[in-house]
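A, B, C and D label the chains in the order they appear, each numbered from 1.
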Amino acid sequence: MDWKPVALSAESRDQSWYEASARARLAGLLDVDTFQEFIGPEQRQMSPHLPLFALPRAFDDGMIVGRGRLDGRDVLAAAQEGRFMGGAFGEIHGAKLVGLLRAALAVKPAAVLILFDTGGVRLQEANAGETAIAEIMRAITQVRAAGIPVIGLIGGRAGCYGGGGLIAGTCAHLVISEGGRLSVSGPEVIETNKGAEEFDSRDRALVWRTMGGKHRRLLGAADAFVADTIGAFREAALAAIPEAPSFDLATLEAEQARLEARLERFGDTRDATEIWGRLGVNDPAAVPSLTTEGFDALLDSLPEGSHHAR
Amino acid sequence: MMDWRQERTARDARLVRARPHADGKIVPSARVVDLLEAILQPGDRVCLEGDNQKQADCLARGLSGCDPARVHDLHMVQSGIVLPEHLDIFEQGIARRLDYSYSGPQGGRIAKMLYGGQIELGAVHTYLELFARYFIDLTPNVALIAGVSADRDGNLYTGPNTEDTPTVVEATAFKNGVVVAQVNEIVDRVPRVDIPGDRVDFVVEADTPFYVEPLFTRDPGAVTETQILMAMMAIKGIYAEYGIRRLNHGIGFGTAAIELLLPTYAERLGLKGQIATHWALNPHPSLIPAIESGWVKQIHCFGSEVGMDKYIRARPDVFFTGSDGSLRSNRAFCQTAGLYACDLFIGSTLQIDLQGHSSTVTTNRVAGFGGAPNMGSDPHGRRHPSDTWMKAGQEAGGTGDPALRRGRKLVVQLVETFGDKLVPAFVERLDALELARKLNLELAPVMVYADDVTHIVTEEGIANLLLCRTLDEREQAIRGVAGYTDVGRGRDHAEVERLRARGIIRRPEDLGIEPLDADRSLLAARSIKDLVHWSGGLYEPPAKFRNW
Amino acid sequence: MRDKMPLDTLLASLFPAGHAVTVADGLISGEGPLTDGRLAVIGIDGDTALGLEGACFLAGCVLDVVRAGGGRPILVLIDSDSQRMSRRDELLGLNEYLAHLAKALLLADAQGHPTIGLLYGHSAAGAFIATALATRVLAALPGAHPSVMDLPSVARVTKLPLETLQDMARSTSVFAPGLDNMVQTGAVQATLDPGKPLGPQIAALIADSPAVDTRDALGRERGGRPLAHDIAAQVVREAQVVRGAQDRVMREAPGA
Amino acid sequence: MEKLSFRHTTRTALPGTRASAITGVVASGNLEVLLERNLAPDACHVEIDTAIKGYAEVWAAVVADFVARRQPGGLTITINDGGARPDTVSLRLAQGARLMELP
């Protein structure tokens, strides 16, 4: 096993996705200097609601949308800034993504990329955020039905929670890194509502084993697992464009079968390690400590290929 | 006729009373309260082992379960007030008087109880002081200690967290006291004998393994650009300047940043082998990249750190380990080493005043001292020279024959000018003074005295207090690195520029450091997971530090 | 607050001639006659939390309707809790199951099966998004009580006093729970009259249902989301304008 | 929340031709800085929206030092602050000025 530490480099594509800002992710993900933002920060389209709560606003409301090139192909991209209000969906934050998806129907890009980094709905604008999430999901299915892949990238600090998790589930293809978490209810939410016996949110190994990138990839909830670098996400996004499934009855029937089979096969499990064992992983306890290369080798060694209809 | 054996007789009587609760030396955990009620007498001096790391928690619960009608007015003489039970016993009337050293998480409650008169305070000590007094005037009658395992003869294996145990046992067992140990398991043969069985009277098999706080784990993911900038300044402006090889680090994020910059930034400066080779330090996970890169010759430890056992076992050239392979730590020896054999201490604090006195006390928290004042003081008993020590002594100046001038230990405060919630680190007057007034303390709880501090490093620059010749200069040197705090904004700008011209104040640009280069990509590890990778999978971080 | 209409009463008003709608484990499924055809019905009753099995079952029902073709409309009746909050649900990927249900409804609508949501009780968070909010038209009955999060929980998270939030809730609809507020944001398009037969009202909703998503336009009209529509429209406009590099804002360099 | 506004005159204009730049993120202890080249070459305006009240004097000092050191003539600088410490503010301002100077 290769235990070499992370390389030290200032090259943008070697930067940690997890640590990078939303803008830095976009800059490194897309071809150099090709990103053009819509409703840029200089327009100061900020939340009209946060001042009521005496909270500071951001020029972009934590959502950056625009166009750029990915290996020469025109794409539209949206990135959430997980450090601003936990990347949560508010009125403007959500409306920018709605607009981007609607624009996709008009400009027909090669793909729409969504760089998730969100705790879900912004409570201070809960109704607007919740409604925007519904609009986004509807728009995604329309974009997909028009033959344009919508690809989600998950590896930020805030993870992809709440309504963000549902939007991700609507995408045609998901790329996730080890640090990425994908779920509906967060650990703290479950603990608050159901008690620490149900979910001990301080047991971070449990959190990642249940919601983290490796588990989601093994389970089939994400299509690609990548190292935590901007470059790795870029490569995976590129590879995803031709692979994305169409949005039609056949795809959803396949997904229905996939999800029913999962319940049938794993419905009685309590812990991710049991699921991994049933998938044919010889040493489930060792999975969390595997490097990206080690994990890739594990994926290759598993008896079944991936079947990711979504 | 004089009875010279009164203490011994009293000890024998305690043992006789306790025997019915034990099978030989072995006591089931269910009988702890019975055992303690049989051994203890009102007014006893008791050491309930616990410091900033391991805790004799099973025995603490047992003591708190004693009947105050039978066990009362104890005088607790112990390193740490850490567990709730440590203070519960004062509320219950089981204990009355307290001499201690460190109180971290209970700092707020202890302040309230001191203020409310529920605790009769002897003094707040440094570790070494308290250990010293165990042998002079605070010798325990009963010691309640913690170990990993014991055999039926009482031979004790403390595991990597040996810490205070040998010191406490030495003072108690050899002066007619009774020693009770809690262990995680009774075994046929202990992996190594840390405490010989003839010093242990009773062994309690604890219901749960003793608690250890992972106090020395700093997540590299939380190191900020400002801390990286300060670490760069410390490395270039102090470590390189004085050629510091033998040192001790505090536990803050600033010193963690230094540790994480050794294999990167310091390596680029060509300092490998020139600095930071010999350490008095707990096994900080953030030092793993420097160890793996060949920077570190050896480390002696106060205690251990959760998750580091396997790594330490695999690096016996670096760490002190026993015949069984695991770490042997010893707080008393390591404190002594830090005091006498290190040329530099660098650590953080909460408040620094205009003279350079520093304190971690705020008006409603008494955190105690732990070991920092031992490390962070200039030992007047030191006689061996080193280049570092001599250079610092020279800078401090003085008159007379140079061969009669002692050197100076470097004591560096690494502080960001503002702490959490924009609380300034630089103040006109320490909160410790107000606390001392409220509690009628003769001495204000000062962590590092002004005359021991040699340098203050902030994000604004380095103040070299050794070079200051007057109190005014010293004040302006401190103001000159105090940033935008009230103290910093109250500086005499012209005087500060003069101090800068004399090299008493050095800005990042004076050191050839561009603040915009202070980037997280300079860190040898940017996450706990990176540390695991550096360790070759040997470091096993506790669950709360994982994000995988 | 008005009492919610019981499901039996609702179904009786909707299908006076009888129906084949059943409820098991809080999950509603079946169908009944509607003017000149049949209406498929799915939903959640009894303030039930929506978990893996429920979402999978309901999605299966929807896909059955789509497979059968014929443009049969689908009514989604909702009186649910939030998504089921448990370790097991998240372990097995609840986000996929809820998204799958929403996608099934969105596919049905796109393939000529008008989808209508009818909120007659509670609903919250992920369960709300996966069901009622995934329909083309969402209506509600008086007494319905949708919420993203209740005010005491909002108070806990925002660290604002409950009384302050209650005061704020009176002047701004954007964060507070309740039907009126979801009407104002445009999420709930219409409120039905419980005093009149529901069948014709549903039929009218189907007949009038907009082809495109008009919720943000409604939110602007009603004042609950003053900016969402214009922001989205502006993005669409800007996306269709080709700009030179000169106009661009210099972005933060990666790693900065 | 508190709004602050500072107007400075500089000796020179900030080098470079970039029209605008943004750096930082609004988060607890952090801030975002938007820089726009839209004033006379010897003018610099700084507008601040901060989450924490009562630090106007500190802001004035930080901004004055930045202006003296960088001579950001021609810039309007707008800040959304999530309660950043002065050293973070200085760092972001310097980062922003450097972005504006890039060719």
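Operating definition for what follows: a contact is a pair of C-beta atoms (placed from the backbone, for glycine too) under 8 Å apart; a residue touches a chain by one contact, two chains touch by 3 or more.
Bear in mind that the values here come from a model prediction, so they are computed numbers and not experimental data.
Undergrad: If I rank B-D and A-C by number of C-beta contact pairs, which comes first?
TA: Pair with more contacting C-beta pairs, B-D versus A-C: A-C.
Undergrad: Where centres are the averaged C-alpha coordinates, which chain has the largest centre distance to chain C?
TA: Farthest by centroid: B.
Undergrad: So the centre of each chain is just the mean of its C-alpha atoms; given that, what is the distance between chain B and chain D in Å?
TA: So the centre of chain B lies 41 Å away from the centre of chain D.
Undergrad: Give, as an integer number of Å, the spacing between the C-alpha centres of chain C and chain A.
TA: A distance of 23 Å separates the two centres.
Undergrad: Averaging over Cα atoms per chain, report the distance between chain A and chain D in Å.
TA: 33
Undergrad: Need the CA-centroid distance for the pair chain B / chain C, whole Å please.
TA: Measuring from centre to centre gives 57 Å for this pair.
Undergrad: Which residues does chain B have that touch at least 2 chains other than itself?
TA: If we look for residues of chain B contacting two or more partner chains, we find 519-521.
Undergrad: Got the chain C residues that touch at least 2 other chains?
TA: Residue numbers touching two or more other chains: 249, 251-253, 255-256.
Undergrad: Which residues does chain A have that touch at least 2 chains other than itself?
TA: 10, 15, 21, 23, 41-42
Undergrad: Which residues, counting only chain B, touch chain D once they are in their complex?
TA: 225-226, 416-418, 421-422, 459-460, 483-484, 489, 515-516
Undergrad: In their shared complex, at which residues does chain C touch chain A?
TA: 52-53, 56, 59-60, 63, 66-67, 83, 85-100, 102-104, 106-107, 110-111, 125-126, 128-130, 133-134, 148-149, 154, 157-158, 160, 168, 172-176, 181-182, 184-187, 213, 215-216, 219, 224-229, 231-236, 238-240, 243, 245, 248-249, 251-256
Undergrad: For a test of understanding, state which residues of chain A touch chain D in their complex under the given definition.
TA: 21, 23, 41-42, 44, 46, 51, 54-59, 81, 83-84
Undergrad: Okay, in this complex, where on chain B does chain A touch?
TA: Going through chain B, the ones touching chain A are 221, 264, 289, 519-522, 524-527, 529-530, 532-534, 536-537, 543-548.
Undergrad: Could you please specify the touching residues of chain D with respect to chain A in the complex?
TA: 1, 20, 22, 25-27, 30, 32, 34, 36, 49-51, 78, 80-83
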